[in-house]
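First chain A sits with chain B, and in the next complex the same chain sits with chain C.
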Partner chain A sequence: MNLEALLASGIDGLMLGFVYGIAAMGLTLIFGVMRVINLAHGPIIALGMFSVYLLTNQLGLNPYLAIPITVLLGLAFGMVMYFVAVNRVINEPELTTLLATFAVSLIIIGLGTVAFTTTPRALDVNLGALRSGQITVLGTKAVAVLIAILVAAGLYALLYRTRVGKSIRAVANNRSAAEIMGINTRGILAFSFGLGTALAATAGGLIATLFAFTILSGGTFELKSFVIVVLGGLGNPTGALVGGILLGLLEGVFTIFIPVGWVPVIEYVIFVLILLVRPNGLFGART
Partner chain B sequence: MSTLLEIENVQSGYGEVQILWGVTLKMEQGRLTCLVGANGAGKTTLLRTVMGLLPAKQGAVRFDGQNVTKTSPHERARAGMAMVPEGRQLFTDLSVLENLEMGATPNHARAAMKQNLEWTFELFPRLKERTNQIAGTLSGGEQQMLAIARGLMAQPRVLMFDEPSLGLSPLFTLNLFQIIRKLKERGLTMLLVEQNVQMALAISDYAYVMNHGKIEIEGEARKVRELESVRKAYLGA
Partner chain C sequence: MSHKHFRMIGLGVLWSLLIILVAACAAPASAPQPAQSGASTKPIVIGFTASQTGKLNVESKKQIQGMQLWLDDVKKAGGIKLADGTMVMPDIKFYDDESTTERVQALYTKLINEDNVDFLISPYSSGLAKAAAVVSEQNGKVMLTTGAADDATMEQGFKSTYQLYTPASRYLAGAVDLLGQMDPALKKIAIVHEKDSFSTSVANAANEYAKSKGYDVVLFEGYDTGTTDFSPFINKITAASPDAIMGGGHFQDGTTLAKQLYEKQVPVKFVALLVAPPEPKFVEIGDAANGIIGPSQWEPLVKYSPESASAANLPWYGPTVANFVSAYKAKYNEDPSYHAAGGYAAGLLLQKAIEDSGSLDAAKVQAALDKMDLLTFYGHVKFSTDAKTHGKQDAHSMVYMQWQKGADGKFVSQIVFPPEAKSADAQLRK
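This part shows the complex of A and B:
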C-alpha cells in the first residue's frame, strides 16, 4: 500500500464524484420543488447514456455535441413525463407519486430492454490521458468534470439570476402563494421536473463516455443518488453536488483497501449513519 | 360609479363541508370595501373562492365585466386581481427583493417594476434597508409590510387583504391602517377583511357583515357602524 496509489484512486473517485453530483442534483431538485421522489431517475440516467450512444453511433455526431442535445431531450422527456404521469397525482400523498414514477421506471426498463437488449454498449471516445507516476487522469474524465461544473454553474445561474429560476424557488417555497402572484405553478412544476430529468440524462451521457453500459445501468447511479441526496440534505442542490464529490472520493479511497463489490455496502452504511446522526444531511438543509 | 368586482350568489366550501351559502358582494371602482364578521363566518373562504384557490360550487365571480369563475388563480392575478393572504404566505426562503419581484409577475407589472419598486419602498422604507435579507428572518410586522408590498408590486386593479392586522402590535396595526388609507387616496380599489371591526368600518366606504356563510348586513360603512346590532355584536357597545 503506497500513498501514490491512494492518491491516484482518490483523484479518480473524486472526478467521478462530480458526475454523481449532477445526477443527485436532479433527484434533489425535483424533491425540493414538489416533494416527489422520482423513481424513474435511474432509467432516465440510462436513457441519457443511450441518447449519447445513439446520437454518436447512428447520426455520427461527436459525443460532446451529443451531450447538449441530450440535456434538451432530458428536459423534454421530463416535462412530458410530468404532464402524463405526475401532474394527475401531484397533490396526492407521497406514496402515490412514488408509485406513479415507479410505473414510468418499469415502462422505460421494459421498453428499453426490448429495444436495446441488455448487451453492454460502449462509446468509442478517447481523449488521451495525463500521466504522472501512478496517477492517471483520463481526458474523458477531465472533460466530464468540466461539463459537470458547467452544468452545476448553469443551474445556479438559472435558479438565482433568472425570473423563471426565482419562480421555481418561489413555487418550491410556497406553491399557493406563487399561484396567486400570477405564476403558472403547473408550468413551473413541469419545467422543474424537466430540469431534474435533464440533469439525470446529462449525468448518464457523461457516464457513457467513461464506462460500458446497458439499459439497466442507471440503477447503480440511482442508488448512489439517494445516498448523496441524504448526505447533502434533501432538496439542497449544493449539498447534492458536494455530497456527490464526497461519495466519489470515498469510493476511490475505499477501493484501495477493499474489493469493489463492497462499495455498495459502505455506501449504505454511510446512508444509515447519516439518517441516524444527521437526518437533515451534512449541510443541514432547512426543514 | 362602475363595479369592478362582482360576486354573485357564490356557494363554496371544502369538500363536503359547505361554508358559503350564496354570497353576493360588489366592489365599486376606487372604493374601499370591508368585509367583517365573526370567526368562522366564511370570510377567508370567500376570499379564497374569489381568487380561485377554491372552486365555486354555484354562482359567479365577475372581474371588470369578465366571468372569471372557471379560471385559475394565476390567470386572475394576471388580469389584475391581487391578494394579501392570511398569515402573509411569504416566500420565506427568498430575499425581500425576490419576494417583490415575484409579486411583479403579471406582464403589466413586470414592465413597470422599477417605478413600482420605487414608490413601494417610499411607502415601506424599512423594506428598502433590508432588500437582500431572507424574508423568513424579518420580524412579524416587517413580514406583513412585505406581504402588502408584494401585493402592490403586482400593480393590481383590485387588492384584497385577508386579516392584515392579525398578530401585529398596536403600533404596527395603526401603521397598517395609515398605509391602507394612503392606498385609498391613490385610488386603489380594495377589499379589506378584518377582525378589527372598529378600525375597518372607520376607514371603509362600504361594508358587508357576514355571518354563517351569508351576508347579513350591507351598507355605507358609516351607517353600518351606527347599527344597533353591529354595535352590540362587534363593537362591544
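This part shows the complex of A and C:
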C-alpha cells in the first residue's frame, strides 16, 4: 500500500468533506426545525453554483465576493419558497411537504434547463497550490475549507448566541409552546428555511469554484447530504458538519483500497447500516 | 372535504400545470412542416430523439445540428431524386429524450406507431442507441445509428440497424499504436474509464490490445458515471506510476479528469481520453488541455477527397470536407465536431440508400445499405453483412487529435495519427 497516496487522498477527501458538511447542514437544519425534508435541496445547490458563476462571469465580480451575495440570495430564495410552497402545508403530514418541495425541485430543474441548458460550466479560479510529493493542496480547496469553517461558526453563533437563534431553537423544540410565548413562529420558520437554503447555495457556490457543473449537478450532492444527515443525526447541524468531513475522508481513503467504482456502493451500505443500527445517527440525540 | 383541502388540491393542479408547461418548454417538438408537395414530390419523415436536456445535451446538440444541415442541403437541392423521377422530400421529427433510456424506448415507439415515421436515426450515445435499436428492430424499421460505437449492440444479429461510427473496440487501439511509435520505452499504461456501456467496451478492448502488444497495464479501473471529483482517484493512478493514461468517458468527466491531472501535476507522458478532447469546448480548461490526445471519428482537418476515393477505387458521395466545414461554420458559427459530422453523415447515407434503391420500401433500402461501400467527407463506410454482426461498421477508421500550443500561445487541435492523415507530429507531455 502506498502510504503517500493514502495520505494525499485522505487530505483531498477531508477538504471536500467540509463542503459536503455545509450542504448537509442546510438539509438537516430545515428538518430539525420544521420536520420538512427539502427535496429541492439539490437544485438549490445548483442554483448556488449558477449564482456564483453568473455574478463572476456576467458582472465581473471576484468569485469569493460572489459567495456572500449568494448566501443572501439563498436566504431570500428560501424565505420566498417557504411562503409560497411550504407554509400552507406545514401542518400536513410529512408526505405533503415532501411533495411540495419536490414540486419546487422539478420547477427549478425545468426552468434551469431551459435557461442554462445542461452544457457544463466551469469557473476559472486559480489560487496556486502547495505541493509535497504526491500531496497537492489546491488554493481553491483550502479557501473553500476556510469559508466552510466560517459559515459553520457563523451558524453556530447565530443559533446559540442570538435572540433569533434562541427563537429558532424554541420553535424546533416545541412550536406551539413557542407561539404561546409570543414568538412569531411563521417568521422564524421562514427564516430557518431560508438559512437552510442559504447553506445549500453556499455549498453550491464553493463547489462551483472547484469543479465543472451543470444545473443537474446538485443531485449528487443532495444524495450525499442525505447520507451525511443520517450519519450525523437528523436535525443536528454540528453532526452534519462532522458527518460531511467523515464522508469526504472515507471517500478519499476507500478510493485507494478498493476499485473506485465501488466507493458509492460502500457509501450507501454505510447509510443503510447506520439506519439499522443507529437510526439517530452517530452523533444523534438518544431517544 | 374542507375548504383547506380544496385549496390544496387546487394548488396541486396548478403545480402540475406548471410542470407540464415547463416540460413543454423543455421539449420543443419538431422541425418546420414539410415543404409543399409538388406533383411528383413524396414527403417522408425521419424520426429520432434528441437529448436536449440531461447529461448528453452537448454531444447530442451537435449531432442534431449536423442532421439539420443535411436536411437544409437536401431541401435546397429540391429533395432526393429517385430513378423514376420522383422527388422525395424528407423532413425530421424529434422529441427530447432527456438523456434517459426509458424516454428513448417510449418515444421511439411513439415515432413508429403514432407518428408513422418512414426511417429512424438513433439518439446520441451507445446506451440510448441500444434502447432505440431494440424498438426499431421489433418494428422492422430501418435505423442508422450515429453517435453510438458500442460493439455488443451490433452483435445481436440485427436486421435493419446500421452503425456509422467505428466500433468502440477500435477506439483506443490507435492510441496504443501511437504510443509505441512515439517512444517504445514507455510501457506502463493505466486504463481508467467511466462505467457505462460504451466506455467500458472501449476500455476492455484497449486493455486486451495493449496487453497483446506487450504493454504493462498497471491499473485498470472504472469510475462511476457522475463522478465530480477525481482527486483521490488520481492519487491512486499516480501511485501506480504509469507512463500513459488512457480511458475517460464523456465530456464532463473527461474534462474534469484532464483538469485535475494538470492541477496535480501527474508526471505522465501520454494521456488519451474518450469523447471530451475532440470537442472544441474542451480547450476552455486552458493549459490543462495541452498534449491531451483524443480518438475522433472525424476531424475538420481529415483528408478524405474524391481523389483519395478514386485512388482507393471507391465511389465518392456527397459534399467535400471543405464544403461541409464551411457550410457548418456559416450556419452555426463554430467548427463542426465529429458528432456533427456523424449527424450529417447519417442523413447523407440514408439519402444515398434511398437513391440507390430507387424506393422508399424498407427492404429495398436495407438491400442498398447492405451493398454500400463508399467514401464520403466522413470517411469510408461499409456495413457488415455477416448474420451475427449485421449492420456493424466495418470500414470507417478513427483519427487521433491532440491539443497543441501554437507559437502564438493559442491551442490548435492537430491530427497526429494515423500517419497518412496527420497534420502535425504528436508530442509527449512534459
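What we mean here is this: the second predicted complex is superposed on the first by the 280 of 287 C-alpha atoms of A that agree within 3 Å, B and C clash if a C-alpha of one lies under 4 Å from a C-alpha of the other, contacts with A are read in each partner's own complex, and residues count from 1 in each chain.
Here is the rule we go by: a contact is a pair of C-beta atoms (placed from the backbone, for glycine too) under 8 Å apart; a residue touches a chain by one contact, two chains touch by 3 or more.
Note that the structure is predicted; figures quoted are calculated from it, not measured.
Of the two partner chains, chain C is the only one touched by A:259; chain B is not.
In the superposed pair of complexes, A:184 makes contact with chain B only, with no contact to chain C.
Greater residue coverage of chain A by touch, when chain B is weighed against chain C, goes to C. In the superposed model, A:113 lies in contact with chain C only, and not with chain B. Of the two partner chains placed by superposition, only chain C is touched by A:5; chain B is not. In the superposed model, A:163 lies in contact with chain B only, and not with chain C. In the superposition on chain A, A:60 contacts neither chain B nor chain C.
Of the two partner chains, chain B is the only one touched by A:176; chain C is not. Residue ranges of chain A in contact with chain B, taken from their complex: 163, 166-167, 169-170, 172-174, 176-185, 286. Listed in rising order, the residues of chain A touching chain C in the complex are 2, 4-6, 8-9, 12-13, 16, 88-89, 92, 96, 99, 103, 106-107, 110-111, 113-114, 117-120, 122, 124, 129, 131, 134, 136, 138, 207, 210-214, 216-217, 220, 251-253, 255-256, 259-261, 263-264. Residues 7-8, 11-12, 15, 18-19, 22-23, 25-26, 53-55, 57-58, 99, 195, 221-224, 226-229, 231-233, 235-236, 238-239, 251-252, 255-256, 259, 263-265, 281, 284-286 of chain C are the ones that touch chain A when the two sit in their complex.
Listing the residues of chain B that touch chain A in their complex gives 51, 53, 72-74, 77-78, 82-83, 85, 89-94, 98, 101-103, 105-106, 109, 150, 154.
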